[in-house]
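If you scroll down you'll find the structure; I have some questions about it.
Chain nomenclature is as follows: A, B and C, assigned in order of appearance, with residue numbering initiated at 1 for each chain independently.
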Amino acid sequence: MPMIEMSSVNKWYDDFQVLKDCSTQVAKGEVVVVCGPSGSGKSTLIKTVNGLEPFQEGTITVDEISVGDPATDLPRLRARIGMVFQNFELFPHLSIMENIKLAQLKVLNRTDDESAKRGMELLDRVGLVDQADKFPAQLSGGQQQRVAIARGLAMDPIAMLFDEPTSALDPEMINEVLDVMTALAEDGMTMMVVTHEMGFARRVAHRVIFMDEGRIEEDCTKDDFFGTARGERAQEFLSKILTH
Amino acid sequence: MNYNWDWSVLFCFVEDPVSSCTQPFFYWIVSGFGWTISVAAAAWVIAFSLGSVIGVLRTVENPYLRGFATVYVTIFRNIPLLVQMFLWFFVFPELLPDEAGKWVKRGMPLPEFWTAVVCLGTYTASRVGEQVRAGIEAITQGQRYAAMAMGLRPVQVYRYILLPVSYRIIIPPLTSDFLGVFKNSSLALTIGVLELTAQTRQIEEYTFQGFEAFTAATLLYIVVTAIVMAVMRVVEGRVVIPGMISLGAK
Amino acid sequence: MFENFDFEIIVTSIPFLIEGMGLTLLLTVLAIVGGLALGTVLALCRLAPYRWLSLFAGSYVNFFRSMPLILVIFWFYFLVPFIVGRPVGGFYSVLVAFIMFEAAYYCEIMRAGIQSVRQGQVHAGQALGLTYRQNMRYIVLPQAFRAMIPILLTQAIILFQDTSLVYVVGLRDFLVAADIVANRDNRLMEMFLTVALVYFVMCLAGQLGIRKIQKKFATG
């Protein structure tokens, strides 16, 4: 049974269709990179997985729980799926440690000690133990994004979603974030990653999804995608991205 | 202009019409000041809590709740405060069932005081509500998504993320709303609360030396305003979020 | 609750109420004109390069913004005849009070409007060789004006509502006219609800008008 399964998902904003008949699956422990030109619907697609973006047609299940079913307790499901955003989205009024503790305390009902202990483990893992008492605005973009990853992991998620995690970063900070993600993949985390970082895709991904105009145009293994088996649009996209 | 300033007037002893104790006029000002502070403080408690609820409702998805809050703000902002005061004092008790109406008019303690408090509180709540809404709307959609993605429920998203951030960035306009309720408490004199402004007017009527009392009251208003602004500046400095700027006072 | 609601009394008192509304509107318009004039002078002083001028304007604004309008009305109600040396009638005293009070608020709105124009715009004007006056006239003020218009109009609606405070000195404006009828015939509910409704409709219409103007400015 796949960890994430989407079938025939359609989504409209008023008259404009942003997702067209999207189907795919992500197996347990699999790393799937989603790429495509801006406006292709990839960010929307990943936000439908934990129900941040509602969709009108089709089904999405995560660990066999239906996301679109009105009876599903979405907050409870979301607590089991970590998510990392383009603009980090750390909470500015909370310290780094408080950011990591908040959902552990309020959603998982862990004790203060437990959450702090787990928080420290994860800050250690992303190399930021000494920043625990600072506030988000006092950290660099790369550091903030590593904290955001730690915050997601603190919930002991069954899968992690990354929505363009490096595209708001200065070039010299991209690698520190990608390194953390690579290590996470090597540990066997199920990951769905929207990104333009083709180097990361080549090294880490198992599969690559290419989207264009709301449609999944390619959905194949990494080797096929970077080999010759891809279509014209994907070819064009890759040539633009790799030569810029 | 040849006004005979005579500050000793404020220290003349006179029989208080309410308590029939003999006190200097000066004491009337002190007592009026006490009522001004009490009305303003009690009204602010209502304004802040009710205003927060209204502000939150203005931003929720449910169209009925949002509509209710919008109607509330529209009504309370488009009727002069003095007219609202009269509606609460003269009309509201008539609209209640007989028993309740009688209680509001005569039964409850300090009817004028509490009417003024409710009137000023509900009116100022509409202003506070607009500030809270502006604060919440200044927070990016991404923050809301991030909070939801962690599994926080809608109430928790407001409780732990949206409201705490909003309050911090709207401290300047909230301060000006608080000073607004402090100054507007003078309207309570129209229904018979003997607050600061009412007392100065009364001293004028007794002594025909009004400017001394007006000056004393003016100084008190200015001093309190200055203190509140200074305190709030310190508070703002304490809770300021690194890297964020606050919304300007209107 | 409304079984003995007397519509008759409202209808028969319409001419009397209209007279009151006339005074309300007259006071509002004159206070806006006077307040804007004095407020503009104050705003220019506030932004003037002379320290004592801007300090004076700043103190004026802070002083009036710290005071309740009712107290200001009382002050001028007694002060104006005193300065003039003879009784001038409540209307003129109150008008002076409103002009002095509103000017403080208009000054702040204009100052904020002018300061909201980005420094880069001023520099761009200077770089083109415009003089201080030309820069103000062609670059800064037109932009500042757009930013201020909706706020100035909103302030006008607030002033319109605030004129009801002349109640405290008994000038016969809209509210006092209604109050007189209400107390004479013991019809408080009818009269005060009517007053509230009329004010509400007028203010709401004003507000919607402002929103339209705002949209026009935003698109064109």
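The rule is short, and it goes like this: a contact is a pair of C-beta atoms (placed from the backbone, for glycine too) under 8 Å apart; a residue touches a chain by one contact, two chains touch by 3 or more.
The shown structure was predicted, so the numbers you read here are calculated from the model rather than taken from an experiment.
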From chain A, the most remote chain by mean C-alpha position: C
Chains most often in contact, by C-beta pairs: B-C
Central chain (distance from its CA mean to the mean of all protein CA atoms): B
Length of the line joining the C-alpha centres of chain B and chain C, rounded to whole Å: 21
Averaged-CA centre spacing for the pair chain C and chain A, given as whole angstrom: 54
Approximate Å spacing (C-alpha centroids) for the pair chain A, chain B: 47
Junction residues of chain A, two or more chains touched: none
Footprint of chain B on chain A - complex, ascending: 47, 50, 52, 75-83, 85-87, 89-93, 102-103, 106-107, 135-138, 151-152, 155, 161
Contact set on chain B toward chain A in their complex: 140, 142-143, 145-153, 156, 160-161, 164-165, 168, 241-244
Residue ranges of chain C touching chain B (in the complex, touch as defined): 1, 63, 65-71, 74-75, 78-79, 82-83, 112, 151, 161-162, 164-165, 167-168, 175, 179, 182, 188-189, 192-193, 195-196, 199-200, 203-204, 207
Chain B to chain C touching residues, read off their complex: 1, 3, 74-75, 77-84, 86-87, 90-91, 94-95, 179, 183-187, 189-190, 197, 200-201, 204, 210-211, 214, 217-218, 221-222, 225-226, 248, 250
